[in-house]
Amino acid sequence: MIRARGLEKRYGDRRILRGVEFDLTRGGLLVVTGPNGSGKTTLLRLCVGLATPTAGELAVEVERTRVGFLAHEPLLYRQLTALENLDLYGRLYRIPERRERIGMLLERFGLWDERHTRAASYSRGMLQRLALCRTLLHEPDLLVLDEPFSSLDDEGAALLDRELAERRDRAAFVVATHDPDRVLPLATAKLALG
Amino acid sequence: MIRARGLEKRYGDRRILRGVEFDLTRGGLLVVTGPNGSGKTTLLRLCVGLATPTAGELAVEVERTRVGFLAHEPLLYRQLTALENLDLYGRLYRIPERRERIGMLLERFGLWDERHTRAASYSRGMLQRLALCRTLLHEPDLLVLDEPFSSLDDEGAALLDRELAERRDRAAFVVATHDPDRVLPLATAKLALG
Amino acid sequence: MTYLADVGALARKDLTLELRARDTLPAMLLFVLSILVVFHFVLPPESSDLAAKGLLWVGILFTALLGLTRAFAAEREDDAIDGLILATRDRSAIWLGKALAVFVFLALAELVALPAFALFFTDIGGGTIAGVVLADVGLCAVGTLLAAMATASRARELLLPLIFLPLAIPIVVGGVGASVGSHPATYAGFLALYDAIFALLAWASFDYVLTE
Amino acid sequence: MTYLADVGALARKDLTLELRARDTLPAMLLFVLSILVVFHFVLPPESSDLAAKGLLWVGILFTALLGLTRAFAAEREDDAIDGLILATRDRSAIWLGKALAVFVFLALAELVALPAFALFFTDIGGGTIAGVVLADVGLCAVGTLLAAMATASRARELLLPLIFLPLAIPIVVGGVGASVGSHPATYAGFLALYDAIFALLAWASFDYVLTE
Amino acid sequence: MRPDRLPVFAASALALMASAVAVVAYVAPIDADQGFSQKIFYFHVPVALTSYALFGWGAWKALRHLWKRDERADLESYVAIHLGVIFGLTTLLTGSIWAKISWGRWWVWSSDQLVLFLVLFLFYSAYFMLRFSVEPGPRRANLSAVYALFGVALIPVSFLAIRLSKDIIHPVVFKSSGPDMSGKMFLAFCVSWAAMLALAGTLYHVELAGKRLDQRLKELREVLAS
């Protein structure tokens, strides 16, 4: 699904990534690790197409709208409610049974009671859960997750474990994390940066 | 240093905190735990004075400018460089030997080489490190830390462990976290919310 | 059809946001009304309609600019724009949705301003109204693209007036001509041509503005 | 003294943020020139000096509003305002620092705009200059407070639109009166009074605006 | 262009310039009402038209950048527009000098022709503001290119706008029925224009070569450093 060869990314004069190579197929999970500032987020943004490599080859054989991206920021509108946010994305992704799926996800991630609350007054963990709902909403074929366990409580982390395991065979995963042990059971490849 | 009795906080109709009680003295470290949305951040904001309790008693015997607060957001200007950000806070806090201390902290947290970079192009972990610099800049008497280990790499976490241990006797601490084991060796009290 | 559904969802989102936060429309209204006040105190009652009509156009132009500077504020906060980029099949839908929302705000501000203007100064004819509508289209089409550009830059709001005003000047020329000239139809035609050319150009090139 | 040091540090921060681009002054020159060109197309050639003066006030108002709508944008991003609240002994320093920074920008823009205006349109007398300075003070003092309300207060939807309009229009009326009226001194006195009252009020009440 | 051809090109541009000066001075007739000062015409108008040509070239390169993903086109487009702005400034200056001589004022607002040229000039000055407030990289290239395309659309639209408003003061020589001047004048004009275009071409290639050299040097330095 993804094939990277000699990937390089610069910002101005600084070279952030250099000679990154990996292959990822459906059912694969690539764990990306590395110290702060080593380029994990940058690599993930290249994978989803939000940034372009300065050199090297990167072939991503998934349609843009079949990708789910969980970034550091939740990529949501703070002034809209959880429901309105998911409804917007549900419409854009043209999800069949949009309302039902949104309801199901909100319930599963424990946000159902807060569905009419603006994201601005969500706690950080609740925002992360909402961002996960957004990411999983359209059952993407490629899931790119940047520190997905960050600021989740134990229950939330277990929930996410389950979601990942459930999608194991149907999708490919790229996960950047500082706690690789968490996803190691599922991992098929590991990439250490920096 | 802090004394809370029957503390209550509501937002609109929702009661977030209820009957919270604790005491904290110099040299104490209170660990606040609880699931997502249980009110940890809310409690911390009450402690630093960024929010006011709706009922109950909360006596904080520290001047506002002697408090160091690490929030979920870094509380920095993204368009300023690391140096400019710290310089602003150094001036506001009237720190003696301002420039020297800033240099020392930047070096200690591994940001010296990036001191002239705008915070906007920092990675998330680098931002957290910079926020820690801001928090420790004025050697506060009361340190209120909201998930301080979040998005730090192993080296960064170890660094923070050291910083906390070093200030052990000089300050009081309130730390909210999802990983209480990390600070348990230093903890003197524990508060489980939600 | 699905394209229009995207556009609709995006424009709707902007309207909801404005209903919630009320960041943009009040400032636009305030500005337009203050202009009328300024001119009420400045223009002697017997002064020409021409000057008053001219001022109307200044008001429209700057009100649009005021709305445009805030157009992508919600998207910039927390990089929400990245989410939209990933979710839309065709990114130009983002442009069209936003331009529509800005158009609605501008139209609402004018819905207050034009009658107020007619009340305080001089009558407004059909030529002026046609001119205003056509000019609004052009202002929103070009302005939204440029606002997206300015958002991507470091100077942000400072940059927008600089890149926007030179492009908007033909609109002002056409608009003033349509409302005070002796051949309003010619000027209206000119405005329609402008709208067509620049809307097409903006629509075709918006994709490049968003890619890194 | 330490209070003023805080104010200085805060205003300096805003100037650094703005001047980051380093080409702010050329940008302002371009901005002013563009606006003058717009005026050229809008004013009929034989129109009165009064109309031109009115346009000058529209320009000033617009620039001030543009600056004010984004005055606390940097603070709202990532809640940076919380950091300032914790670090300042007296929160009104935040207001004063911000108002100063907005004032400096407005004054810089006018320093380019007024001579250009005098060159291209009509002479500017002492009354106008006094009026502009006094109006700037009032706009910055009141506007900064209101902008902070819009940013910090959780109930922002209520406040800004309701208050801003009635508060800003007296400034406009006074400023216009000082530059075109027959008794500039009276209007200037009115503006000075307004400035004093509202600056004091804003200074005293800013603390409440920021507390939750 | 291959760098070794540049000197030849530059030399021919220089020769053209010299002949243009000669033709303007000795072949073109002295104008009946304006006298010698009318000779500014052979400089003023070619410079103005060349600046349009440069803006057009910059837009063409911008289009190539967006369409064919031609990496080098970004720099080429920038250099062309940069030169276009310099030529535009020269137009304003020569026009102003001429205006001072024949209308007695440096600038007149009453001519929409002049004001619209000023608008174009402002537009392209803002191009630099835009370009330098975006981090170098693909995004900057894209934004600059889109903006340059808007520029060429603005030129004809501005022309239309002028034609709509009747202009009284600034002369129009090139009518739809053909140029309104004598054969000798037309010859002088054509030679001057060719010379100006050649000059612009030379400057374009020189600047481009310099910029490319800078880039190459930086890359080399980096290779050495790592």
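So that you can tell them apart, the chains are marked A, B, C, D and E in the order they are listed, and the count of residues begins at 1 in each.
Note that in this section contacts are C-beta pairs under 8 Å (C-beta built on N, C-alpha and C of every residue); 3 or more make two chains touch, one makes a residue touch a chain.
Note that this is a predicted model, so its numbers are computed, not measured.
J.: Going only through chains that touch each other, what is the minimum step count from chain A to chain E?
T.: 1
J.: Under the document's definition of touching, what chains do chain B and chain E have as common neighbours?
T.: The common neighbours are A, D.
J.: A-C versus D-E: which has more C-beta pairs touching?
T.: The greater number of contacts lies at A-C.
J.: For the sequence-identical pair chain C and chain D, what is the superposition rotation angle on Cα atoms, to the nearest 5 degrees?
T.: 175
J.: Among all chains, whose Cα centre is located farthest from the one for chain B?
T.: In terms of C-alpha centroids, the chain at the greatest distance from chain B is E.
J.: If you average the Cα atoms of chain C and of chain D to get two centres, how far apart are those centres in Å?
T.: Roughly 23 Å separates the two chain centres.
J.: With chain centres taken as the means of their Cα atoms, state the distance from chain A to chain D in Å.
T.: 44
J.: Approximately how many whole Å separate the CA-defined centres of chain C and chain E?
T.: 31
J.: When the centre of a chain is set as the mean of its C-alpha atoms, what distance in Å lies between chain A and chain B?
T.: 28
J.: Out of chain E, which residues touch more than one other chain, so two or more?
T.: Residues 112, 119, 122, 126, 129, 133, 135, 137-138 of chain E touch two or more partner chains.
J.: Where does chain A touch two or more other chains at once, residue-wise?
T.: Each of 11, 52 in chain A touches at least two other chains.
J.: Provide the list of chain D residues touching at least two other chains, using ranges where the numbers run on.
T.: 20-21, 27, 30, 34, 37, 41, 77
J.: Let me know each pair of chains that touch one another.
T.: Contacting pairs: A-B, A-C, A-E, B-D, C-D, C-E, D-E.
J.: Over in the complex, which chain B residues touch chain D? Could you list them?
T.: Per the touch definition, chain B meets chain D at residues 48-52, 64-65, 67, 69, 71, 73-80, 84, 88-89, 91-94, 134.
J.: Spell out the part of chain D that touches chain C in their complex, as residue ranges.
T.: Going through chain D, the ones touching chain C are 18, 20-21, 24, 27, 30-31, 34-35, 37-39, 41-44, 47-48, 50-51, 53-55, 57-58, 61-62, 65-66, 69-70, 73, 77, 150, 156-157, 160-161, 164-165, 168-169, 172-173, 176-177, 180.
J.: Given the complex with chain B, which residues does chain D contribute to the contact?
T.: Those residues of chain D that touch chain B are 2, 5-6, 9-10, 12-13, 16-17, 20, 74, 77-80, 82-89, 211-212.
J.: Give every residue of chain D touching chain E within the complex, in rising order.
T.: On the chain D side, the touching residues are 21, 23, 26-27, 30, 33-34, 37, 40-41, 45, 120.
J.: Could you list, by residue number, the parts of chain E that touch chain D in their complex?
T.: 109-110, 112, 115, 118-119, 122, 125-126, 129, 132-133
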